[in-house]
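Two complexes come next, and they have one chain in common, subunit A, joined by subunit B in the first and subunit C in the second.
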Partner chain A sequence: MVFSSATFLFLFLPFTLVLYHLKLFRNKERETGKKNLVLLIMSLIFYAWGEPVYIILMLLSIVYNYNAAIDIDSYIGSPKKKKLVFICALIFNLSVLGFFKYYGFLTESINSIFSLSLPVREIPLPVGISFYTFQVLSYIIDVYRGDVKAQKSIIPFATYISMFPQLIAGPIVQYYDVEKQLTDREVTAEKFAAGIMFFIKGLGKKVIFANTVGAVCTEIFGMETASLSVLTSWIGIICYTLQIYFDFSGYSDMAIGLGKMLGFDFIQNFNFPYKATSITDFWRRWHISLSSWFRDYVYIPLGGNRRGTARNIFNLLVVWSLTGLWHGAAWNFIVWGIFYGVLLIAEKYIFARVLERVPVFIRYIMTMVTVMVGWVFFSAENLSSAVNYLKSMFGLYGNGFADSTAEYLLSENFFSLAVMILCATGVFAALPRIKNFRFNIALMSAGYIVIFIICIIYLISETYNPFLYFRF
Partner chain B sequence: MSRSGAVQLICVFLLIAFIGVSFFGREDTDKAAAEIAEAVTAQVSTEGLQEFGSERLFSQLGLSGEDFDSFVYYGSEDIMDVREILIIRGREDSDLDAVKAHIGKKAEEKYSTYKDYDPVASALLEKRVLEVSSGAIIYIVHDDAASGREAFLRCVED
Partner chain C sequence: MDNSEFYEKEQKNENIPRKGKGRTLFVVLISVFCLVIFGGGISFFTGEDKAFSESENRVLAAMPSLSLYSLKEGTFMKDFETYLTDQFVFRDRIVELKTLFDRMTGKTKAGGVYIGKDGYLFSVPSSFDETGMESITAKISAFADSNKDSRITFMMSPNSSFVYADKLPDKLSLADQSYQIEDIENFTQSKSIDFINLSDVFLSKKDEVQLFYRTDHHWTTQAAKIAFDELMNRWKKPVKDVNFRFMAAADGFQGTLSSKSGVSSAADVIEICVPQNSAQTYVVDYGNGEKKAASLFDSSKLETKNKYEVFMGGNYGRVTVETTSSEKDTLLIIKDSYANCMLPMFTPFFSKIVVIDPRYSEERISAVTEENTFTHILFLYNLDTFLGDTSLEEKL
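Showing the complex of A and B:
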């Protein structure tokens, strides 16, 4: 089930909210317990709606990790036993992810490297596995380090892992961020209203912006790459750049909004990444929950920048190769990750002083061009398609700078692209606000109602609109 | 062994069993798109058509191959040849109706384009077959669309 579907909007969500907010107990603790139970049951239904079989996998993960954490927590006096349980838990979780996500890729790579023909069976990727496995890993590692206590009750723990707002495409919520909220949270009218606004904002980003611009890049990516003019190729990748941002940040906004409606505060996952003026800055603003996860659980444990330059370079390359691999079991994702690793190393160790002297606007353009080149690897079906697309972007096919297709695409989409660029770069958000509070509220409410109605009109005419990040 | 240790051990065994069933049992219950396509193309000629990958599927029908378990897509390089054969093995059964509606809409748009322009193409589009059965979709625009449909149903319901 996707958030931008009629089933979710008009059936699942209202039913869940009514059940969730139906007050049964006066005792706050018992009421929170009931809320957790409702949320858990509805989250399992949400997951089972699309993946009735893979719910078994998630339940196994919940039961195993719940017990493993309790064991880790209880072996305070015997570090060897504690370490053994911890390593077993890491192996368990990484095996699940490894098998379902990377089995096919590994077998195909072995076949191509060693000229073998091992049979490759098609095993569908369980939706959200990368996200919930990373949440479970953060919990197990935190318990092992002693940063958090093991959750003694399985219901709050299962609620944390399976919570439907962020189950399928993040943000990756670390346990210590919601530990307290799992047993003590409140939904005020203001928080609920803020949640609705976040949700509608995300829905609008997805349905109005991402789907619209996605249709343009679909059209361009479907053309013969060798026949594209330079401008057409750039329009294609600009559209994809906007699509992936609005699609993913839209989903995150909806997740954050749903969280607020249920009394949770999830961390911000995007902070206008397309106004970054360096690659380092970009990654502080894009998919913040994933970057934080890799920083806390891979980069810092590897030694971060505390063990000299050579080790720091190695650590960065490891982290970014894994970031690429996390996104997809294909070489183009690994190249995409290494591409960013190398750029970050270059920014840090080679160009740091030079970049300081470059005017901000030039730095901004350089950053955006680099990010778009990165998206070519990310969006391509394979490495050779990515290289071919880059060739057409830089005019290596000799098709000229612009052609009638580019002119047509620009004239048809200029206004919508301009609006989306202004929204994505935070220009609209930075406009001065009217100081009259009541007027502001009325204007915003009217705006959100209009956005919601437009989304519904779009959704009625187009039922197929999956999120790009579902496949990760 | 503690109670929680025993539970962990049971989970490991269950996980191994689950992986085993996912790995070995899958083909027995769900036929991959390639197998269904083989049955369909045994009844429907693919002469003049060629098999395309995700990019073409994306450009022609706006569908991302990544969203499905597997798919097989035949089309023609000739822009005036509207023949198509698409078999999709869905990942999520509940999404197949939305995918079907999406393909139906695209097909209707294509039909409107050809309606008063190319009578042969529009006749073919008029007798197109679009059906969901047993977690798979067939979309076929072809002279022998009806035979293709029968072969599809026989294969997936077998």
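Showing the complex of A and C:
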């Protein structure tokens, strides 16, 4: 089920909210227990609605990891046994992810490298597996390190893994961050209202913005690349740049908002990435929960930057190849990841001094152009079509700077693109506000209600409604 | 990656309401939000399902049937969502609002339809796929070569976005359909096919006569008559001997483009054109003997949304017309729906006309030519259908 669907908005959400907030017990602990159970059952329904078969895989993962963590915890006295169980758990989780996500890619790559013809099987990717596997791994590793205690009760644990707000497209919530909230949380009117605002903001980003620019870039990406003028191909990639941000950050906002309606506080996943003035800055603002995960569970365990320059460069390359690979089982994602790894290393070790002297505006433009070049690799079907698209962006096909198609696209989308760019770069958010708190809340409430109504209008009248991040 | 600020996991957000302040206002937001989602939910249970949408001119989704299979395959969930959105309260109003919204923000495209000037709507033309065209024209050529005894003509009409390009939204320029039709002609190797590209004659007459409906993707009966005259001229048929009469059949026609885009602009008039030979009668067999009638029109369709179905009552895979004409000639037409309004014009000149629409037909066209012999064979297509449809290639 996706958030931007009538089934979710008008049936699943109201039903869940009623069951969840219907007070059954005076005792706070028992009431939270009931809430967890409701959340678990509804989350399983939510998942099964989209993946009626693969839900078995998720349940299996829950049961296995629940027991593994308890085992790890119980072998305090015998580090060898503890390590064995831990490594088994790592292998189990990574091979499940590996099989469902990378099997086809791996056999294809092996075939093409060694010119073999192993049978390639296309296995449909279970929705959200990349996200929940990473959540499970964070838990198992934290338990092994002794940073958290294993969850003794299966319902709160299963709730953590399957919780519907972030189940499908993040943020990747680390167990450490929600451990307390799983057994002790409350929903106030303020929190619920804040949740509504986050949710509507996210829904608007997805339904009003992302879907609109998405249609434009689908149209442009569908044209013959070799015939695009420079301007057309740039409009295409700008639209994609906006689409992927609004789509993904919109989903995160909806997740955070729903979390708040249920009493959870998740970490912020995006912080105006298109305001970044360097690549390092960009990655501090984009998909924060994923970069945090790789930092905590790969980069720092590898030694981070504490083992000298050469080792640091190696570590960064490992982290970024994995980041690329996490996004999809294809070479263009790996190239995309390494592209960023190399740029981050260059920024750190080569250009750090030079960049300090470059005016902020120029740095900003450089960063955005780089990010958009990155998105070309990300959006392309394969490496060669990415290279072809880059050729047209930089005028190597000799189709001139602008043609009538570009002019039409620009005049057709000028208004909406301008509004979206102002929103994405944080210009609107940075406008001065009236200091009166009550006035602000009144204005915001009215604004969000209008946006919500517009979202419903868009949702009902549009059939074009795919979630981009489901691929990953 | 090492900066300390990055380690801060909780980032502050100034929009989060703080405790105690403005509480009543939160309650307003919460109430309205809940009212909308609960109201929407309740309306599904209380509202009565509509079977058909007049404005969209299609059957609305009904509650899907629940089975273990449909649950396992996930089709139930997909169909259920379609059902909910199709049956949503105020659906028509909502779609209208959206179109209004789009036009206010300068959009000139809605639901895959360009909103042009003077009330003209245009469907987005299908793209030209060279390899696809090469393979279909090869099949047509092979068909022609195995029917050398018949006179074979391929007549193709451009679409309104080409003919009335001056009415397209500003700055929009589309591919030249005249060239595309020429390309198809050049691909067609067989010498036994006579090709008629209607582009030039339409361009020369577009200001005198309205050649296309403003809100529908079909050509008008006037355009069909011009095309008919071109064809009869090629076939050396004495078209002058017959009087053709135009009659207005319906006004207020809002066609498919209007439905698709949600824009109801200038309504059109549907005309019919009939030959005035009093002695002329004919029997029409729609399908294979299932429905027989003495008319190529179905006036009951004038009461419905899709008034173009007045011609032949819609689309049939195979229609056979037996006329009382003294002519010996027989005609096979392989066509899309553009031919529907032209068909009555042929009746004085042929004793038997078989009309095949490959999109709705299950039989191979060679089966028809084996069981009958035809003096004339006509392929009649508009470019858009020809480019976008694969059924002709499958049936040849």
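Just so it is clear, the second predicted complex is superposed on the first by the 470 of 472 C-alpha atoms of A that agree within 3 Å, B and C clash if a C-alpha of one lies under 4 Å from a C-alpha of the other, contacts with A are read in each partner's own complex, and residues count from 1 in each chain.
By our rule, a contact is a pair of C-beta atoms (placed from the backbone, for glycine too) under 8 Å apart; a residue touches a chain by one contact, two chains touch by 3 or more.
A quick note: this is a predicted structure, and the numbers were derived from the prediction, not measured.
Q: Mind checking subunit B and subunit C on superposed subunit A, clash or fit?
A: Clash - subunit B and subunit C, as placed by superposing on subunit A, overlap.
Q: Just checking: does A:F221 make contact with subunit B only, subunit C only, both, or neither of them? Give me first, second, both or neither.
A: Once the two structures are laid over each other on A, A:F221 reaches subunit B alone.
Q: In the superposed arrangement, which partner chain does A:I441 touch: subunit B (first), subunit C (second), both, or neither?
A: So A:I441 only meets subunit C here.
Q: Where does A:F99 make contact in the superposed view: on subunit B (first), on subunit C (second), on both, or on neither?
A: Once the two structures are laid over each other on A, A:F99 reaches subunit B alone.
Q: Output check: A:T280 vs subunit B and subunit C. Expected answer is one of first, second, both, neither. What do you get?
A: second
Q: So in the superposed three-chain picture, is A:W49 touching just subunit B, just subunit C, both, or none of them (first/second/both/neither)?
A: A:W49: touches subunit B and subunit C.
Q: Touching A:I70 in the superposition: subunit B (first), subunit C (second), both, neither?
A: first
Q: With the two structures laid over each other on chain A, which partner does A:S5 touch: subunit B (first), subunit C (second), both, or neither?
A: A:S5 sits against subunit B and subunit C alike.
Q: Based on the superposed arrangement, let me know which partner A:L57 touches: subunit B (first), subunit C (second), both, or neither?
A: First partner only.
Q: Compare subunit B and subunit C by how many residues of subunit A each one touches, and report the one with more.
A: Between subunit B and subunit C, C touches the greater number of residues in subunit A.
Q: Identify the residues of subunit A that lie in both the subunit B contact region and the subunit C contact region.
A: Subunit A residues touching both partners: 1, 5, 49-51, 462-463.
Q: Which residues of subunit A touch subunit C in the complex?
A: 1, 5-7, 9-11, 13-15, 17, 49-53, 177, 188-190, 192-194, 196-197, 200, 265, 267-268, 271, 280, 283-284, 291-292, 295, 299, 304-305, 316, 319, 344, 404-405, 407-408, 411-412, 414-416, 437-438, 441-442, 444-445, 448-449, 452-454, 456-463
Q: Could you please specify the touching residues of subunit B with respect to subunit A in the complex?
A: For subunit B paired with subunit A, touching residues are 2, 4-5, 7-8, 11-12, 14-15, 18-19, 22-23, 26-27, 32, 53-56, 58-60, 62-64, 66-67, 69-70, 91-92, 94-95, 97-99, 101-102, 105.
Q: Write out the stretch or stretches of subunit C touching subunit A in their complex.
A: Against subunit A, the touching part of subunit C is residues 1-3, 5-6, 9-11, 13, 15-23, 25-30, 32-34, 36-38, 40-41, 44, 71-74, 77, 80-81, 84-85, 88, 91, 94-95, 97-99, 101, 105-109, 169-173, 262.
Q: Taking the complex as given, what residues does subunit A use to touch subunit B?
A: 1, 5, 49-51, 56-57, 60, 63-64, 67-68, 70-71, 85, 88, 92, 95-96, 99-100, 121-125, 127, 215, 218-219, 221-223, 381, 385, 462-464, 466, 470-471
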